[in-house]
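Same chain, two partners: chain A is paired with chain B first, then with chain C.
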Partner chain A sequence: MLKKKTQTKESLNTKLLINLDILKERFSFGLNNDFSIRLITAKFNKHELCLAYYASLVNSDKIEQTIIQPLLEQGGDSLFDVVTAESITKIKELEELDDHINNGKVVLIIDGESFGHSIDVAQFQHRDISQSENESVVRGPKESFTESLHVNISLIRKQIRNRELITEVQKVGKRSKQDVQLMYLNSIVNDQLLDEIRSKLTQLDVDNVQNIELLEQFIEERPYSIFPTILYTERPDNAATYIDKGHVVLLMDSSAACLILPITFWAFIHNAEDRYARFLYGNFTRLIRFIALFFTSMISALYVALSNFHSEMIPPDLLFAVTAARERVPFPLIIEVLIMEIAFELIREAGIRIPNPLGPTIGIVGALILGQAAVEANIISPIIVIVSALSGLTSFAISDPSFNFTVRITRFIFIISAGFFGMFSLMIAFTLWFMYGASLKSFGVPYFAPLSPTYKSNSDTYFRKAIKKEKWRPGYLLPKDLQSSRTFERGKTK
Partner chain B sequence: MKVDRRLTSFEMFTLTSILIGIKLTDTTPSLFSQKAQNAFWYIPLLAFICILPAFLVLLYLLYKHNAKHFVHLFELLLGQGLGKSLAFIIFILSFVMIALDSRNYVEQIKIIYFQRSSILIIFALFGGVCIFGAIRGIEVVGYTTRIFWPFIRISFFILAALIFESVVWQRIFPIFGAGVPVILEEGVSKGSLFLDFFLLTMAFSAFRKPSQFIKGGLIGLIFSIAEITFFFFLYTTVFDYNSIEKISFPFHEVTQYVNLGDFFTNIETFFMVFWLLATFLRFILLLYLITWLFGAIFNIDEFELLLLPMGFFLMVIGLLPDNAVVTELIYRNKLLNIITPVIALVPFLLLLIHFFKRKKDLT
Partner chain C sequence: MKTISLSGLLILFILIGCEDMVEVDRQSYVIAVGIDVTDQDGIYAFTYQIANPEAGSTLAGIGAEQTPDETITVVGTDIMTATNTANSFVTKQIILDQTRVLIVSEALARSDQFLRVMQSAARTTEIRRSIQIIVSKEDASDFINNNLPVLEQRPHKYYQYMLSRAKETGIIPDADLHRFFQITEGDADLFLGIYATTTYDPKELDGSEDEFIAGQVPKEGGNATQFMGSAVFKEGIMIDRLTGEETRICNILDKTMNINELLANYPDPLAPEYQVATDVFLTDNPKVNLSYDSETNHATIDVTVPFEVKVLAIPSLIHYSQNENFKRTLRDAIEQYITDATDELIKKSQEAYRSDPFYWSIYIRRHFKDIPAYEEGDWHKNIYPNADITVNYQLKRLHFGKMLDDTKLDEVRD
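Showing the complex of A and B:
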């Protein structure tokens, strides 16, 4: 700790030669191939000066046009009259110097001055803005985040033109200092919540947090929980909607997504399109999605429970069909279901990892071998193919990648528990699973709010209200301004 | 962030409804019909009318004294020694009651769905879900109940709608069944049916405002009693009075009786799912409350650690009776008769002391 303190006090020298030595040592000049130092004699004061930067992080055209050329050719009273780049900041300490150079700035040190100037010419390479792939919509904006902080912030600012939209920066990581941007509406967000997030970020004692995906695991409260408690989205419009409600959005360089917190269970089921589609259409989609959630987590378990323990519930004709199909299969029913479910998961995982040109082949191989051939070889019965195909396909309706895993793991828990005592043990597993979920908190917010416990809000849970009736921000976020719309007050229209 | 996570009146309403209303599914109707015959359907209503003043007094006193729970109230009014002893008596009575009740529900699961399974294993699983559910705390139990409540009620409503065609409403006659004195006696002595609500006042401080507890609780009581009476009425009119006393579990009998069109003829498992949910929630809540009561009597702050031993002892006591008939007709019947005067009279005793104390304070 003491050493650190003395280190931060180290600052630049008045002699350029000494400063050059410091720079060369700190950045391993010579060994480090892309670290560049350029020496120039400035025309305006005839002093020698040096420029230090990482060649891979800066825009070289910009250096040439706005720094080197003016310095060599133009006269003037001070540096600020000569250099045409848009932002120049003074830096004194070596720690600052490291930071600025690492963030793609050019540091300019003039002989005879005990401070440097940092000029922003950063150009981090990144992908272009592309369509959202994991959360695609039919109706609504199609663009998604990309791996650049600046671009991502501009995508959000485009949708909230408000001077109260703050982009606050927090540094994380002890060795590699990365910027985490907190975005929120200053006049709405709860201060206590902000403090909590800030302290979580500052308390992180790790060397490097590369991206938002890792940050999520560092700041979540229960790392072993089956339920996610932070929303991960790649849609800027989604982020903007949540910021408007009083949530906080976290962004980082090199992540094509953002984190939204705190969050409730419902956010994982809802989709941005539910609000873009008209009232009835949006709610119809929600209904379909809830049915999909039920099917994907329950249908295989229900099949095990009903046909093993409660076969009287299956109508006789159907029961005969099921029994006839199972007649030649040697395995117990639960093993059969597990074989098929695991096979489906295997195809799914392989499908993600497989090189693109091979993609279509795996589908054919999977369908052919696991479906047709397994049935013909009497390893599984055709009914199981239907059941597991249904449960596998419906899982794609849960678009959130984290919650998708929750549902898929849950499915196996339910199948195995249904194998013990049928409906009885299935309901035990379900009750405990659900109560575990209900006991979770995301930054102090109960997981099933606002359904229970209730708070003043738009009660956007199973279904949403008409947009005109949405008057409140969620009360469980304790926003500074609870009311979000005053146009359609009861009895009068402004 | 400090979000208020305490419960509200709707949760109280659903908790009461689960605790009391679910009694329509157990052996209570066949217990009543033993004496009252086809007039059993309004006995819960009579019992409720008899016990309501006591509850109102209890709620009034809790509110007036700003008590945390009823043990706290007992201590405030009766002093520590006497208050705690009285609470301990109530604890013993309700402990045995819950044990018998849970045996009753486990018997239902066994007899109707798992005839060949061992009662011990079913009971152990049942105890397991109660313990691990209760360990999440009263608030989570409240949230869960609130979320499942609509589904449970819808399933009951569907059942009522499906059975309606088999109703022969003339079967309620003779309206006084086995005679007015018998009915009255049964009604008065079975006030203990609502013992669970008495226990629920342990959670008085878990709500955002005391008034929410009172509001939710009273509406919940009225709703549950209406529901119980309605379903008992259905049982009377669907089964005639001769068969009703021989049917142990009329609710399940009804679920096996109904069919949904010509294709789905056996849909009892559908109703069983929701019934199981309600049953789990009820016993999770009861286990939590009884442990809380124990903790309050013996000044144990971290009483949640006692849930495991408490659940285990409940199971052991529940396993003692030989079979369902003995449990129901002998032990439970007697116990119900014993508990009634306790929970009906204690609040009035407290009220007397309350006025006496106030007078003393004034002078």
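Showing the complex of A and C:
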């Protein structure tokens, strides 16, 4: 154990030849094709030196112009006078050396020095910034995160011009060390929360965490829970809004999204556009979305419960329509509902996986076969098509991909429980579902806060207030500064 | 352990699951139940009108010609057991929870058996408390069989529209099962059932449109069924029937009836051979002022009914709207006419029925300390028949509609 520790603390030698051997051995030089070592004699001190880097991670023009050319041609007192690259850091330990080279830096080791210099010339390849596809808005910024940490941070910083906006780096992974960036406002975020997140990240005992999607599953409290407890968003403006409130945002390279934590139930129902649209319009959308939430989770289950157990609750005209439609259908009603719901899920899954050119086929096959033909063949009744189409369609109003799954799984739970005792068992299932949700916590924050338990906040739950009336940061985050707007105070002193 | 308890729970679910489940297509929905007396005491004939859900359906695969209903009659001791008997030739489970009306023949309603049959209807959860009680002049089975509406062929729609429209005009009472038991068990007041018939027995025209009971309304064409007037029940036995106009007065004076607009005709005061058509609407509930003297067990009842009248037609073409004197005459005439008709009804109820169809006993209850004291006071026998009752109609406003003036007859025919 002790030996291992001293081994990892190994540092560089004063002799360049020994250092070169160390480098070649550590990075499997020769076998590893894109690892490059360049030897040159510097003009300013006539010493031999070597440059080590991954050719695939660096900008070769920049190496040539800011490092090699000055070293060969310029004279001066020290390395810092010669190399024109913008950042140079000293490194001593071999572990540091690994890190820097892996992160796309050039390590420069001069003969006779027992340390190296790391020069930032990294150029990771990534996609351009594109439009947000999963959380599209009509009114509001359209750009979304891309798979580059630097770009993503700049997209956020663009919206919060504040020196207190911290981008703190944490390493995760035992073998492949990845950077996780924590972004928060230092003067607002709760320190305990920050410590909890930091300790969660450092305690991770895995070899490699590739991206934010995997990181979410590593740090969440209840991996088996039906409810998500971390918000995943691809919108920089969304992230900036939450940072302003006192949340913490996690970013990683190679993820075109960020994680926001802690989070409450409401964040999954809300959409960025609710705030961008004017007060009345935004709240109208909210109303529609809550109706959609009710329909998508309940309507099939209610249909099963009412028609199988409480036919007296259905108005006669509708009841006779249902009965007439069912006269020639072979399956029990609950099986019928399940068939259509599963069919809808199949179309949905196939629609996501299908290659783009085949996309329209899904629509035709889905609508024709499942809708028309199945009804005409008396396999399912037309009423079921309406019910399941309604529940399927309304599920798209829940835009958060995680919560969308919650709702869709919930729907099946409700349908099956409605099949046992009708409304009675449906209400039991709903109560249990709701109780479980209310018992959840996301990094210490109750899931249904600020509705229950109540906290000082803008009470942005079902509906939002007018923007001018939003005066508080959410109290459940215990921010250092609770008040976000002082218009009210100023008015008072006047 | 965890697996055992989990699988135990699962088995529990499977064993008890779907206990009450009935598929909608395995039920027969009864829309109307008719009850008749038979030759034997305690045995009744039950008639069920079962709706055919496929009638009127536009679904593919269903033939165009579907009869809207099936009517069957079985004999039994009460509604629930008769339902089981009926299943010997009805294929599906007979369900009464969509039933809209309960039709009782006048012969049964007038016998003391009526309350016995109704008891079973109150006990079961299957029958709605909002089901309407209709008393038919002929046998209930004949009523159901002869009732052949042409436009609303689907029976539930027929009863829904027929009853709601007749109630809007005020010619029939609101007579649900709940009210029947409420009044009968309260042992005060009279319950009014809906009176209807399919037999046609026209009465000579004598002016007012509403002095009919069902079957007497002169008409041509249309369905044979008429809903008009009400059957008066005292202590669970039918004792008399009221005409449409009398029923309308009951509806006005009873604040528990949610009827606040009705159409009515009144004789034209200046040209008695004509009628004035009006839309009467109550602006407020009638104010019943009841003072009770416990020494003499005597009650004085003052009723004030504020109402407004919208004049719909003046066939005599007299210019009531323009002439203040005419207007006053019309006002007084309408008030007088209603007051007279009401006084007559009250006199009849005090002397012949010895109880009131207006549900007024609710105003006297507060004057008693407890129920035994109230029962001793006896609204039926003592208080109401001897009470001093004055009803005062207050016509608040007279509307003349969009056109103030009628056609000037002498100018048209010059």
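FYI, the second predicted complex is superposed on the first by the 484 of 494 C-alpha atoms of A that agree within 3 Å, B and C clash if a C-alpha of one lies under 4 Å from a C-alpha of the other, contacts with A are read in each partner's own complex, and residues count from 1 in each chain.
One rule holds for everything that comes next: a residue touches a chain if its C-beta (ideal position, glycine included) is under 8 Å from a C-beta of that chain, and two chains touch if they have at least 3 such contacts.
Just so it is clear, the model here is predicted, and its values are computed rather than measured.
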Quick one: chain B and chain C on chain A, clash or fit? clash
First (chain B), second (chain C), both or neither: which does A:451 touch? first
Report for A:419: first if it touches chain B alone, second if chain C alone, otherwise both or neither. second
Counting residues of chain A in contact, which comes out ahead: chain B or chain C? B
Thinking of the overlay built on chain A, is A:132 touched by chain B (first), by chain C (second), by both, or by neither? neither
Thinking of the overlay built on chain A, is A:312 touched by chain B (first), by chain C (second), by both, or by neither? both
Look at A:300 in the shared chain and tell me whether it touches chain B only, chain C only, both, or neither; answer first, second, both or neither. neither
After superposition on the shared chain, which partner residues are touched by A:378: those of chain B (first), chain C (second), both, or neither? second
Does chain B (first) or chain C (second) touch A:322, or do both, or does neither? second
Touching A:118 in the superposition: chain B (first), chain C (second), both, neither? neither
Return first, second, both or neither, reflecting whether A:431 touches chain B, chain C, both chains, or no partner chain. first
For chain A, which residues lie in the overlap of the chain B contacts and the chain C contacts? 309, 312, 421-422
Sites on chain C touched by chain A in the complex: 13, 16-25, 27, 29, 31, 51, 53-54, 57, 59-62, 95, 97-98, 100, 128, 154, 156-157
What residues of chain B sit close enough to touch chain A in their complex? 1-8, 10-11, 109, 113-114, 117, 122, 125, 128-129, 132-133, 136-137, 139-144, 146-147, 263-270, 272-273, 276-277, 280-281, 284
Where on chain A is chain C touching in the complex? 307-309, 311-312, 316-317, 319-329, 332-333, 376, 378, 382, 419-422
Flag every residue of chain A that touches chain B in the complex, lowest number first. 190, 192-193, 196, 262, 306, 309-310, 312-313, 315, 421-425, 427-428, 430-432, 434-436, 438-439, 441, 443-446, 448-449, 451-455, 476-478
